[in-house]
């Protein structure tokens, strides 16, 4: 059902041998990865396998123990010293949609989306507002722009969070289970919004449990297990014809659907 | 009300609660163990001896608390070198003077100042308006309208040492204080000051709660008799090395 | 001067430490309880109680301590006398403790209220959803998390109460600073700065201990917030 | 209680005349206290080594020594400082007019600054971690994130404690009498000296303090209501502790 | 694929004409519902349609404007006065799994589960611990029992939250999107755990977006739209052959899977 979107563009993200530990637990055990421009990479894997941690390492919300991350020409080698400026520059290349949304509590839906455009990208207030309105409309929230996060339902918050990231149009957007609170209708809306943005050359990494969604939207899929990449390839390869027994077992559970 | 309405015990002896001001040595103060001490206490003890129908119970108390306490009836009477004023007479019953309090000027050695009249146009060391001295000097100035003395006000009374220092270094012209108080710190100063002759004096009185008319009458009578029989003059001789009553008569401030 | 001060005054000052601690501890313990009760009313919905407490708190927060102490010291015995109970013989320290407890309770109440409003509502709902009754939810969920948020402010209140025990001497209850002032006045103010300096050091040591204790407690309470 | 009500009424204007001084003292002390708390709190939060420890030690010291004692030290120190400044910026030292007002503001501000530092620190820490991360994730730098998102939320969280300290400071200004600054409570005390109606005068002062404090409480309540909309659980989700 | 589990048992939950407003917005516009003992009811509906609000009304976390709720013989009529005791009794018949998990953040995973058993159900500490351990094991979290919530991944938190509710064994469990953060493998684990508990006679209401999950686990499905129940029936009826055009449109979006 999915169409392979072969990438002819340059490499935007390179991860090399990322390690991350919490206390004694080694959560990421050497992750290396390359993503091309405009590509949509889906990360699959079971709960607790380290997917969220990996995303957080990419934009330096967690500092890896070692390894290098380079995004769009901006590189940090975590084995060496790196400055706060480096981290900020790296981060400005990315936007993130959190698993728990993390909307700014003191801002309305619209302000949540505007904030990055106005403050970080220095767009005028009017311009920022216009773009933010458009991003909210794309996820079906035009009526809710003046609500504060506490006044929104779970799915509405999640969509604001998606709009906030999409509106920034960074080089890379990192999604952590962006459709977990969404119903099938909205999933397909979000799918459309994401695909549209991908067409403009934005690269995306999406952690998801919805295999259908992954298959539909992703051009590449990786399967993470216990902090390691077990398999990677096109959706057909990984989802429909997995090679690793672990992945086969995982996918087979879908069959009850 | 009347938690302090004196309790009468079986023998018909009434207990009287008397507060003593805690920070006015040598007149009335708490010793380092918190026990009442001072000249005023000695007077009270003499009075107690003379009043078999009363038994005094003493407690030392902070100045304002003691004043409020007597008015509220927590204590029946209060002692602590208090002067008499009209306003006070409206709030409390006042005894006749049981002692006289004399003021001197303390000036640098060799200063020409000998009396308050010499202070005309000059400035005294600042006085807290709640201090008895403040009332005394203003009272004197009222009686002597031709003399103009500046009396600066402060809200924190500096220590005696600092008062003398600020006169010694010329910031102010004189300290208005009693000789006894100067002598209390004279040895720690490191320089000598001149103490003028007494410049003013006033009687100090016991303050009673308004309900204590009987007590007032009884004590007043005894104060007079203790003065006449020489007990109190002797006591002043012992504490202040002078007969305060004789002095008061000489200065024409004697009121008994 | 210094050695003289140390020899003659220090023992006396140190003797006052237990009293100071007593004047600090009893009100603190009472205020924790009373402050909590006030706080429950203040965030509750019982209108009459709410306004009664609000006026009470506003009075004790808004008026000078000396007035409160006088009202308790002089007014309370009269109040009791009206119902034929004679408490006039109580030591001054007892009145001080009562006044301080009432005053502190009101400040504690407001601090706790701030903390309570900072507790994530989801936590409270989680408690309800597993069937906690009011008291269970209060002791199991609300109180610990409120305490965690409020602890720094509570610490400061406690430090202040410890220092404010010095007000006790105004009604004749003696403690460190009162003792120092007495000694100073008995020697006509000579050595004022030295004696107060020594008293200040004693206070400082006590307060530093409090500070350390509370910081440790706060650190302990926050253990679950640390990510690794 | 046995009170002289006539005096209480006639004395009220006298005591009220001391209020402006109290308010001015409170205003300046609060201003500098907050400034100090923000700087100190910032140093603690940003974990600048050495500076952080120094700030903690300074604060512990300031808090640990009774304010009365500190003010008394100021009382003695200020004349020396003032003498040292003689001629500086046209200042003329006059031993009869020592600039104690500044000293009172300094001591009060330092004291309350030390307390309010903890308010700053705890309120900033009370802001959910996710908010910091979200600010990072939209590419804000630390400064932008803190000014646009964290401070507005921390401010709301801090309002109850700030109100506490504000009121506390208002009453604390009475200690300025130690450095000869005559504010309301001292005015009341002086007005009572002639007739010894201390309790009456104090009650007058208490009434005024109470009115001012109620005003402050009300204002801060409104302020919180105004800026704190987003922190509240909406409507029925606000529920008392108990139900 | 689903099997209809016809219910021969008595009615456990009755909702009658529940209304709920926030400010001017009427969120629930008269919801009536009956659920039999041991039944698993799935609530479908688009984001913002009022599903969470409905669940919250059932266990009185929101107080409806009017209507009656009765659970297992305990009844509250919101048009009339009701006591706090009534609410507590009603609530003790239920347990809830929140959309945002709401784990006690100052308790470890194990303590989170034990809390209700020990405090509410007065079981001894040991017994509570044993049952809690078992519940955690059922959702695959044995290794994580001593972790605090911040140290758990999204899916792990969600599973603790499920375990907390299941361990209580109340008459009714309310699930608000219990599998949103779970991968397919875990979804089937949770499915098993839920089914096992349902067999013991516990009634469940599950809000979910995963139609597959709903079909597999539910014996009844209702579709909520804009605060009203639009359609109800067996999974086959509602999911495979919806009558209402609105429901048809919703379900049709699934076809991209």
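By written order: A, B, C, D and E. Residues from 1 in each chain.
The criterion applied here is as follows: contacts are C-beta pairs under 8 Å (C-beta built on N, C-alpha and C of every residue); 3 or more make two chains touch, one makes a residue touch a chain.
Heads up on the chains, UniProt names are A, E = Arginine ABC transporter ATP-binding protein; C, D = ABC transporter permease.
In this text, all values refer to a predicted model and were calculated from it rather than measured experimentally.
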Contacts common to subunit B and subunit C (chain labels): D
Farthest-lying chain, centroid of Cα atoms versus that of subunit E: B
From subunit C, the most remote chain by mean C-alpha position: A
Which of A-D and C-D has more C-beta pairs touching across its chains: C-D
Mean-CA-position distance for subunit D and subunit C (Å): 19
Separation of mean Cα positions, subunit E and subunit A [Å, integer]: 29
Whole-Å separation of chain centres (CA-atom averages), subunit A against subunit C: 51
Multi-partner residues of subunit A (at least 2 other chains): 22, 100, 151
Sequence positions of subunit C contacting 2 or more other chains: 70, 74, 78, 134, 192, 227-228
Residues of subunit D whose C-beta touches two or more other chains: 1, 199, 231, 233-234, 237, 242-243
Touching residues on subunit E, where the partner in the complex is subunit A: 1, 22, 44-48, 52, 99-100, 144, 151-156, 159, 176-177, 180-188, 191, 209, 211-212, 216, 249-251, 253-254, 256-257
Subunit C partner contacts - residues on subunit E that touch it in the complex: 59, 61, 84, 88, 91-92, 94-96, 98, 100, 102-108, 115-116, 119-120, 148-151, 164-165, 168, 170
Of all residues in subunit D, those that touch subunit C in their complex: 1, 60-61, 63-69, 72-73, 76, 115, 118-119, 121-122, 126, 157, 159-161, 163-164, 167-168, 171, 174, 185, 199, 202-203, 205-206, 209-210, 212-214, 217, 231, 233, 237, 239-243
Sites on subunit B touched by subunit D in the complex: 1, 64, 67-68, 71-73, 85, 87-88, 90-92, 123, 129-131, 134-135, 152-156, 166, 169, 171-172, 207, 210
Parts of subunit C lying in touch with subunit B, wherever the complex brings them together: 12, 70, 73-74, 77-78, 80-82, 86-88, 169-172, 174, 179, 181-190, 192
